[in-house]
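As structure tokens, here come the structures.
Next come two complexes built around chain A: one with chain B, the other with chain C.
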Partner chain A sequence: MDIPTLTSKRSLVSGSIILIMFILLAISPLYAPRYTVILLTSIFMYVVLTVSWAIFSGPTGYISLAPAAFFGVGIYTSAILGKALPLPIVICFGALASFCLALLVGALTLRLRGIYFAIFTFGLVEFIRHLLLFWECTVTGTRGRIVILVDQTTVYYVMLAIFAISLLTSYFIRGSKLGLALQSIGQEEDAAAHTGVNVTMVKVITFAISAFFMGAAGAIMATRWTYIDPYTAFNPLLSFMPVLMAIFGGMGQLYGPIIGAAIFTYLEEFLITRFPYHYMLIFGIIMVLAIVYLPDGVVGLLQKLWKRIPGRKHADT
Partner chain B sequence: MPILEGKGMSKSFGGLAAVSNVDFHVEQGEILGLIGPNGAGKTTLFNLISAALVPKSGTIRFKGINITGLKPYKICRMGVARTFQAVKIFGHMPALDNVMLGSYFGMTPGLSSKDAVREATELLEFAGLSALKSTPAKDLTLANQKRLEVARALATKPELLLLDEMMAGLNPTEIAQAMELVTKIQDKGITIVMIEHVMKAIMKVCERIMVLHHGQKIAEGTPREIATSETVIKVYLGERARAGGS
Partner chain C sequence: MLVEILDIVVSGLLMGGIYSLIAVGFSLQYGVARVLNIAHGEFMMLGAFITWMLYNVFGVNPLFSLAICGPIILIIGFLLYRTLFTRLRTSSESIGAYEGSSMLASFGLLFIIQNVAILIWGTDIKGYSYLNFGVNLGGAIFAANRLVTLLFAVVIGAAFYLFLARTHLGKAIRAAAQDPATAGLMGVNINQVLALCFGLGALMASFGGTLISMCYPIQPTMGFQYTIIAIIVVVLGGLGSIVGSFIGGFVLGLVGSIVSYWQPGLSLTAYYLLFIVLLLAKPTGILGK
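Presenting the complex of A and B:
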């Protein structure tokens, strides 16, 4: 009887919690130590990569290993245009460059399914990196580029903005017609096509939207580093991290990738500082344990625990 | 003018001619039965009509418009919907969402989410699934999954519905219910082509039957004509068998 008021009350509560958290994050450069702000920027970067990866790969099950390519395109766009144009425009261009690349690549390759798609997207990262290396060696005769530095607080705010917009986009896509189409493609692509879904279009557009945010993140992150070259800009690790983070967090819910990325980034930072020689080993073990014991990720575990609390049986939605 | 018309349809897989030079037509409002032994090319013909496969030769006209070579989603949006022999449902999505996809992307795009929910709910009720609307499709029984496919196809608001072995694997009660559903769909003014192996059902429901054998059309006519046709009895029902005998 009271379900509508209950849900609206609940969404009001969660809405205000999110708003308060966002405000706390927005004013954190005023009170938090510099180190925390830099760490938060890194966390946002990974969250943006993971959430935007999950926008496409989560529902469709097409595992894309191209995040590093789109992130790198953003970085290079920023390095090339950074001297000539103001920062917001540079970031827009970085995002758009990735968006266009994804449209092109998507149109060419989204007919590939399963492992073939994953391998192709990973090949894209290598291809662009080698193309750039070749270009820099033979045409420009330089190696790498100097990037105009931007102060940490600005980087933080821009990252926070991209973070917020990518989350909102992901949220709205999930609840939309497009989200439903993506899910149907992931589960039975042929049936989706015969039910009137233009599967190619839906896949390509969503792939490009996810690349848009990766490009934007790359464009702003470039300004944190003084010097970039093809090896640092197109780092394959950045293709695998979003996948691992999304699996670790759990892809069923919107906050899964967020939690996964946040914990992972913090864990990485923590392990590097405490166990500089063994951190990769520990990291690997944690990842293996997560895959074996947490098939639904951290969020799945939390939901399971939540259900176990007595008297909470019907409150698990 | 027939609602659907195929001329010289051919499709081969390697050296095997799955469908060879088949002409067919479907009249507005009728139920056409498509029968034939396993491997006769029935599903291939469906795949050619719905554009899951591209024909080697031949043309298909829907309401007089040539639809050969169009993409599956275009065919669907023009008003041809289908179900699948091996059910293809969106297993992890609730039954309601399965049907809503059809409402959103079918013949009338631009539906508000409220309208889509209302429409999908009505169709689930029509298919007798209203109690199961929030159940994930994978947890439904086979009979209900087949009904769900029908509801999803209807949600695209087709004028022509292709039913591929809707009754295979169902028990007698479920078959009776499925037959009732087919008649109810016809009452909505939707033309139906159905592939079926359940002879009792096809003899009773269809107004006209077409028989395929080794990719060729060997007979066409009313259920009575088909049941008594010498050729059909020989190649399909076996020597000295009698079909539809009641």
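Presenting the complex of A and C:
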């Protein structure tokens, strides 16, 4: 069997597995209990944040701590426009608002390298939050906003759709010239620039694409919370979570961030219900242990274990 | 008018002293140990709470607590570095990868330290009264405890600078900051020195915490806001520059005081604006090359 048919056969198999999974997820509100649907929506939200974070930060190695900013922009767009416009348009606006902010921020800051970029994006979230707080206190004289509720099943389907689109986007970027350019930037940025990659353009566009999905996720999630204010919308925890989830899952593979986000979200739910007083402590310990002992994530660990199974050794060589 | 200006300037310097101490610690941890320590403010919070406990339970003078809290936090920091960060450093492929993973690990530490503190002390706001009387400085009145705070911040900062500049160990630290690999070849026990730097950074934070507990109410969740201020100050002074951080702390204190005078709600926003403009215009800081 020659290689092209082998790979196409493999991608056919994995493609159909993914398709079956999506069909199962799509019909789950019909048979699953209400709680499961809500939990799945939370999982999808984190998966979208993590997958879209990994689109940019995975190959380039730039640690962006801005997810909370883009997510929050989506939330606020939804809160402001939700009363006037239909849901799909609101979500599009939320996504576009984040996209534009990312274009602006990216164009300004992506010449900062390494830790400077991380610090800047971290500061951005705080800056927007404090500016909004000041605005609400002095100009509008209100604190927070009420968001129009949408029923849980609709939220679920919209989130599933955003999840599917972000996953497809991530998949196509990986295989495209853009993905190759991103990887070369991650390995040696100067060399990439010398070989004709428009480094700034590639970084800014990809950064904005990843923000697009975060904004969309924020716009739909806002409808699940009845009340939002700058503290809930621009929560720095939401900047760190996607990073930790991506690392926990392993960034080498497309499905790593998905697995990481799913396990972490479930773990969070489990710990909150079982150990309401100690859950943050346990969470912190797991976080530290995962970073120190699982540098390649769960997927990396599984691959290592898979190779250790006796009898598999000569199959690999 | 003159009294108002004096009021603004001295208030700024009073706040700046504490900012400086915390930022110097942060700068040491990042500049030498290469940990962008998101949990830095938590060491400050620990210092503040240990001081509060010593004062309330044993009646220990808060200024004397500096000598008790400091070593405790130093040891905690040193052990944390030896157990967590040394392993991360040796297993990371590059310095960039280590900076990323150590920052994330410190974020996990934030949760651990903060929640242990909540388990011990609860979530209530706490405080005590120490040297709480007014001192008249040329017409403007300041609390005595805040003036003592400033004095101690300057003394501690100066002592620390002399330690780095004049002692053998200080020289080893500066060597490790410039080039860890070469410093190692020259006989510096690099793992110990980096751990010591992390510990010393935590010690400076705990000094800041002790001084803060003398003037302001404290609570277990107070650390993070000071971490953010430390990050801003360190960027202001130049990442890794100890002197820059010390001066930067006072500059930020002054900026905060001027903006608060004009519009109290905007001081934090002004910090970020300054921070963002500075990162874009001169990422190496005011004293950077």
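What we mean here is this: the second predicted complex is superposed on the first by the 309 of 317 C-alpha atoms of A that agree within 3 Å, B and C clash if a C-alpha of one lies under 4 Å from a C-alpha of the other, contacts with A are read in each partner's own complex, and residues count from 1 in each chain.
Just so it is clear, contacts are C-beta pairs under 8 Å (C-beta built on N, C-alpha and C of every residue); 3 or more make two chains touch, one makes a residue touch a chain.
Worth saying up front: this structure is predicted, and the values here are computed from it rather than measured.
Steric overlap between chain B and chain C is absent once the structures are superposed on chain A; the two fit side by side. Look at A:His194: by the touch rule set out above, it reaches chain B but stays clear of chain C.
When the shared chain is aligned, chain B comes close enough to touch A:Ser184, but chain C does not. Seen from the C-alpha centre of chain A, the directions to the centres of chain B and chain C diverge by 80°, a value given as a multiple of 10 for the model superposed on chain A.
Legend: residue contacts after superposition of the two complexes on their common chain; A:Val243 is shown touching chain C, with no touch to chain B. Set against each other, chain B and chain C touch different numbers of residues in chain A, with C touching more. In the superposition on chain A, A:Leu19 makes contact with neither chain B nor chain C. In the superposed model, A:Tyr116 makes contact with chain C only, not with chain B. Once both structures are overlaid on their shared chain A, chain B and chain C have a minimum Cα-Cα separation of 11 Å. Interface residues of chain A facing chain C in the complex, by the touch rule stated above, are 61, 63, 108-109, 112, 114-116, 118-120, 122-124, 126-127, 130-131, 133-134, 137-138, 240, 243-244, 247, 277-278, 280-281, 283-288, 291-292, 295. Contacts from chain A toward chain B in the complex involve residues 177, 180-181, 183-184, 187-188, 190-199. Interface residues of chain B, counted against chain A in their complex, comprise 50, 52, 71-73, 75-77, 81-82, 84, 88-93, 97-98, 100-102, 104-107, 109, 113, 149, 152-153, 155-156. Chain C contributes residues 30, 36, 84, 87-88, 91-92, 96-97, 99-101, 103-105, 107-112, 114-116, 119, 228, 231-232, 235, 239, 265-266, 268-269, 272-273, 275-276, 279-280, 283 to its touches with chain A in the complex.
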